[in-house]
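A, B, C and D label the chains in the order they appear, each numbered from 1.
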Amino acid sequence: MQHIQKIAIVGATGYGGLELLRLLHQHPQFNVTAVYNTSADNPTIDSVFPHLKGMYNLTLSSFDSRLIMQNNDAVFFATSSGVSKDLAQPFIEAKFPVIDLSGDFRLTASDYQHWYHKQPADPTLLQQAEYGLADFPTDDGINATYIANPGCYATATLLALAPLAQHDLLDPDNMIIDAKSGLSGAGKSLSTASHFINVNENFSMYKPNEHQHIPEIVQQLHKWQNSIKTIQFTTSLLPINRGIFISAYVKLTQDITPEAIHKLYTTTYANKSFIRVQALNELPNIKSVVGTNFTDIGLSYNPQTRYLTIVSVIDNMIKGAAGQAIQNLNLLAGLPDTTGLSLIAAYA
Amino acid sequence: MQHIQKIAIVGATGYGGLELLRLLHQHPQFNVTAVYNTSADNPTIDSVFPHLKGMYNLTLSSFDSRLIMQNNDAVFFATSSGVSKDLAQPFIEAKFPVIDLSGDFRLTASDYQHWYHKQPADPTLLQQAEYGLADFPTDDGINATYIANPGCYATATLLALAPLAQHDLLDPDNMIIDAKSGLSGAGKSLSTASHFINVNENFSMYKPNEHQHIPEIVQQLHKWQNSIKTIQFTTSLLPINRGIFISAYVKLTQDITPEAIHKLYTTTYANKSFIRVQALNELPNIKSVVGTNFTDIGLSYNPQTRYLTIVSVIDNMIKGAAGQAIQNLNLLAGLPDTTGLSLIAAYA
Amino acid sequence: MQHIQKIAIVGATGYGGLELLRLLHQHPQFNVTAVYNTSADNPTIDSVFPHLKGMYNLTLSSFDSRLIMQNNDAVFFATSSGVSKDLAQPFIEAKFPVIDLSGDFRLTASDYQHWYHKQPADPTLLQQAEYGLADFPTDDGINATYIANPGCYATATLLALAPLAQHDLLDPDNMIIDAKSGLSGAGKSLSTASHFINVNENFSMYKPNEHQHIPEIVQQLHKWQNSIKTIQFTTSLLPINRGIFISAYVKLTQDITPEAIHKLYTTTYANKSFIRVQALNELPNIKSVVGTNFTDIGLSYNPQTRYLTIVSVIDNMIKGAAGQAIQNLNLLAGLPDTTGLSLIAAYA
Amino acid sequence: MQHIQKIAIVGATGYGGLELLRLLHQHPQFNVTAVYNTSADNPTIDSVFPHLKGMYNLTLSSFDSRLIMQNNDAVFFATSSGVSKDLAQPFIEAKFPVIDLSGDFRLTASDYQHWYHKQPADPTLLQQAEYGLADFPTDDGINATYIANPGCYATATLLALAPLAQHDLLDPDNMIIDAKSGLSGAGKSLSTASHFINVNENFSMYKPNEHQHIPEIVQQLHKWQNSIKTIQFTTSLLPINRGIFISAYVKLTQDITPEAIHKLYTTTYANKSFIRVQALNELPNIKSVVGTNFTDIGLSYNPQTRYLTIVSVIDNMIKGAAGQAIQNLNLLAGLPDTTGLSLIAAYA
């Protein structure tokens, strides 16, 4: 276990990078000492982002893998999809700690090509990366140093279904996920879809059954419950800045009381600091987790239709990106996974 | 067919009543001449609602069934549930035209008691009321004069499913409705749930499988497709003023191509002025219908899971309340159902 | 007075043009028969804007002044600034009725150049256009057929100050306007400033004392009160779709009671259908006018500081653009100015 | 200087109290060990506020001054106005450290009675309290232990004007403050004004020249610049959760260049950790400070009108309430005032 203190961020000017800068400022051990972007000029970061004034005295530098490893103890890739797959090799070869927030190392080569419509990373590199669902750290990953941080929708969905999938309780023919996300999930780029007038006072479904987080959900569920091969998954846009709300409707393979289902959830998550299972029939809302690394989960069973409704909520920028990334680095650094992440939601 | 011109509104100070006043001001034949509320004092309506200044010169009066029928040609009940059931009798006996926006006359007595937790109307009165899904006017209702205007969620859901239910195509075990509504659906009363701080930047599910619109949905679907006895139905609150978004996930009883399903929808709705079926795989959003009496419907089929996703959107205050009520009175008055309702959504 | 019925819209795909299409659909006499844009292809308008489906059966055509005049009775220019100045000449020469929603014909050539940083229209053309503040139609403009429709901020500000300026009551050294607008005022173009994440839950001031509506405000105030040569004017962005809120703080040149000031306002606006002066000390809010052509005005006097606070609110897309444009064409066509514009705000 | 570690909060269930709980959870030295409310029952705080689950294990107790002082080192009063004036005496007499977030100890008895319409605290108690504008700690307050934490509007306004007032540069006849606040400033109580439908997509001015923060602004400005006796001050409601935006328009008593004014600001605030003066002509927006204890200030001068526009922005719940309260207790405890308050705004 190496001592990790000096942190570099590649892709520091996107939403994910800026959230890392915000959260890491509170971390008692990790200290951001270098920030990188892809453009040629090298401004100070607070000249580009005035809200960082007085908090960081850093200059954006051009990417240089050798210098990053020389001067830092770990690096976050907060880059768009298709970037880190071309940058990762020297870090993987050097076993240098990397948390990759992009989708480049989450899937098999063929799945990546199919869902991202891009050339995948080299398969030998892919094999050395580990999918890092931080609340379920894998035993065999103890030596992995390249962590593929899960997607935001995937995190919320997998934590909603894990207790059932791990016990082979999901009926693979009856799993419907209606997922909704705030706008920050769509990133910084300008598009008609992110224009205020088109989002405010609106709600729209996009990419039904085509979202690129679907394969990583299926891949992980399949590991837990072999019979799962696909999932019904739609994504919609909420007129809010942050938050993911998963409404999952599932049937079970066994006849089991709502109380027993609830018990399964509380047991599974008893020692997970960041997962809060509500009382049976109490459903969480987005505000309770925005600004935190929590996943709140609620359950409601309909005896007429035999559908179980599972609601899970996260902050897509924290638990769904930067927060889970820090949680993963905490684990890699041998720290309690809550280090620097004990955040409470704003009530008003 | 009677000539209907002078209109009274009972419950004019609630959201539904105010929306009737707004829409009827544009109607070429109907003219609001009397407004009623339940409180004792009798202010002018524009002193209570300054936005009506210059548009209506009316005084709120106390309810008097005899005077209403004497001075008007038809009446809208825009009252809360539990009110019109005690006021309806003289109107029904006189066969005086009534459009009732509340839930009091939509259900059987036992369903009403079960879902509304209130004493139902007299069953002999209930029998004389007709459930008025305005885009599917019933042949046998030609002599009914007491129209139970459908609920907002029910309208959007029934129009989403009608073409399938009417052809016995819905698999009753696989119908999941994830419904979302803007805040105006919850009405004017003050509650923690309607406080700005608790709604803004939030999203929450409420009353899962317990919303009082469920029985009217099941009742009507059952008329269309005898095998339907229940439905999986959850409701969530969107941080917007207006709009309902229905995400329906259904499996079909027959193997049928997406193109054929789409054809069924376009055929069913070919002559319905207020229903617009999008091209296959194009999904409507809320903004396209807010401010209008339209229902926009979109379809997307997932061959892996065999689930059909149906999206339908309406303005809950117009198609889901006041607009459909006017559409119903248009039909009763022998006018084209679009009279006074050819409204276009604001784009910006 | 010519009979005007067939209407063309140039720039039909911007916010202003789409709002004209929406409002004119309700007009009893004007009928949009042709729409023009600047791009080369000619799609149907409802294929580009699905919310228009079933309401307009029009194809976007390329601009052709001869055809426009041949086939129509009047034209609206809903183009960006810098466009109509190059298109206007044939219409002006033919005395063909034009309502120009852009800023191209509102100012003197030198003011235009200074504030818009563009080449102005030919001064001989400028002279033949009339600034059309619709609630104060000028006597000498009776023969003008090219109407420069006022800017949104200018409309709300001028109507807030007119009664005082017309009586030389404004102290020119103490006129502070703090103006706020919803996002639709900024138009359709994509920019960091219109990205949802940057607008939602935010408020920002922009272009302090540099907004291009300032010179048209000063120009008109100066006509009313010769001593006015400049104005303190800031503009801010509200996280809402529509609405302008003007907070004007002024000192008066005479000692006059609040009641007398209020009387001056009610007298000035007694016969203006679209201006509603609230009771003294009652201040209007944006919701009361959104969706309407109204200007609501409120007054509050502070005897300690001797500042009069004037609040005026409009819907920037209606009274501030398309609505006033129709009001102006109503006047040109000899119709009551309220024709097709008797709209009530949505309460919920 | 006493060692302060154990903290009690009286009024822990209001917005201010909940924000204290949220922020103090991050504080390295202060530790909330007791929470009080006024109701009779004693639930655990996380049963009432699920978002606190896992973060605080506290039971709400009934107020008892003796027990509070016995078991804690300092107390925050986060009570509504009119409460702490009746609770303060034993704490003041014992010189027990109190930070009072309410308005009860900010004003003279007569001002309090006039603006709050309530009986004031005992004048001998009032004299022992100190107005705690935390960025300008007073020398003579070194022994004060009862700190009246400033109001939110007052904080943002005073920091906007301090550099000018301290140099007698404000023209007392030309100071116009147009202040806007998000909804959390209005607190938790249910009212028509806080119903989502009435706030969302709206903007309204309230209490023009009557807000209860006006007298504390004037009182403090008067201390800095003797000639100031009143101020023109209006308050408006923004449709957002958090944030205050002050637009101040002032004339100066001397002819001074914009650059020199800007210099005055940067000099005054050079060593204040929480005040960030933007470059001349750059104006801050609300998002840059929400979630932080910062005050961002921008300046823009209009040579035509000779008005200086000053913009200042704060998070009303942090700098305007709980954050400044902690800053004040840091000072009282001899800690750097930034302790536990080095927070960065969320960018997305």
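What we mean here is this: contacts are C-beta pairs under 8 Å (C-beta built on N, C-alpha and C of every residue); 3 or more make two chains touch, one makes a residue touch a chain.
Everything quoted here is computed from the prediction, not taken from an experiment.
Enquirer: Quick one: point me to the chain whose Cα centre is farthest from that of subunit C.
Expert: A
Enquirer: Weigh C-D against A-D on C-beta contact pairs and write down the one with more.
Expert: Top pair by contacting C-beta pairs is C-D.
Enquirer: Could you work out how far the Cα centre of subunit C sits from that of subunit D, in whole Å?
Expert: Roughly 40 Å separates the two chain centres.
Enquirer: Roughly how many whole angstrom separate the Cα centroids of subunit B and subunit D?
Expert: From the centre of subunit B to the centre of subunit D is 47 Å.
Enquirer: Counting only Cα atoms for the centres, state how far subunit A is from subunit D in Å.
Expert: Chain centres of subunit A and subunit D, defined by C-alpha means, are spaced 36 Å apart.
Enquirer: Quick one: which residues in subunit D touch 2 or more of the other chains?
Expert: 15, 184, 188, 197, 200-201, 239-242, 287, 348
Enquirer: What residues of subunit C sit close enough to touch subunit A in their complex?
Expert: 15, 183-184, 188, 190-192, 194-197, 199-201, 239-241
Enquirer: Spell out the part of subunit C that touches subunit B in their complex, as residue ranges.
Expert: Its residues touching subunit B are 15, 18-19, 21-22, 25-26, 49-55, 184, 188, 201, 241-242, 273, 276, 278, 282, 284, 287-289, 291, 294, 296, 317, 342-348.
Enquirer: Please name which positions on subunit B make contact with subunit A in the complex.
Expert: 173-174, 176, 178, 180, 197-198, 200-206, 208-209, 230-232, 234, 236, 238-243, 245, 247, 249, 283, 285-287, 290, 300, 302, 304-305, 307, 309, 311, 348
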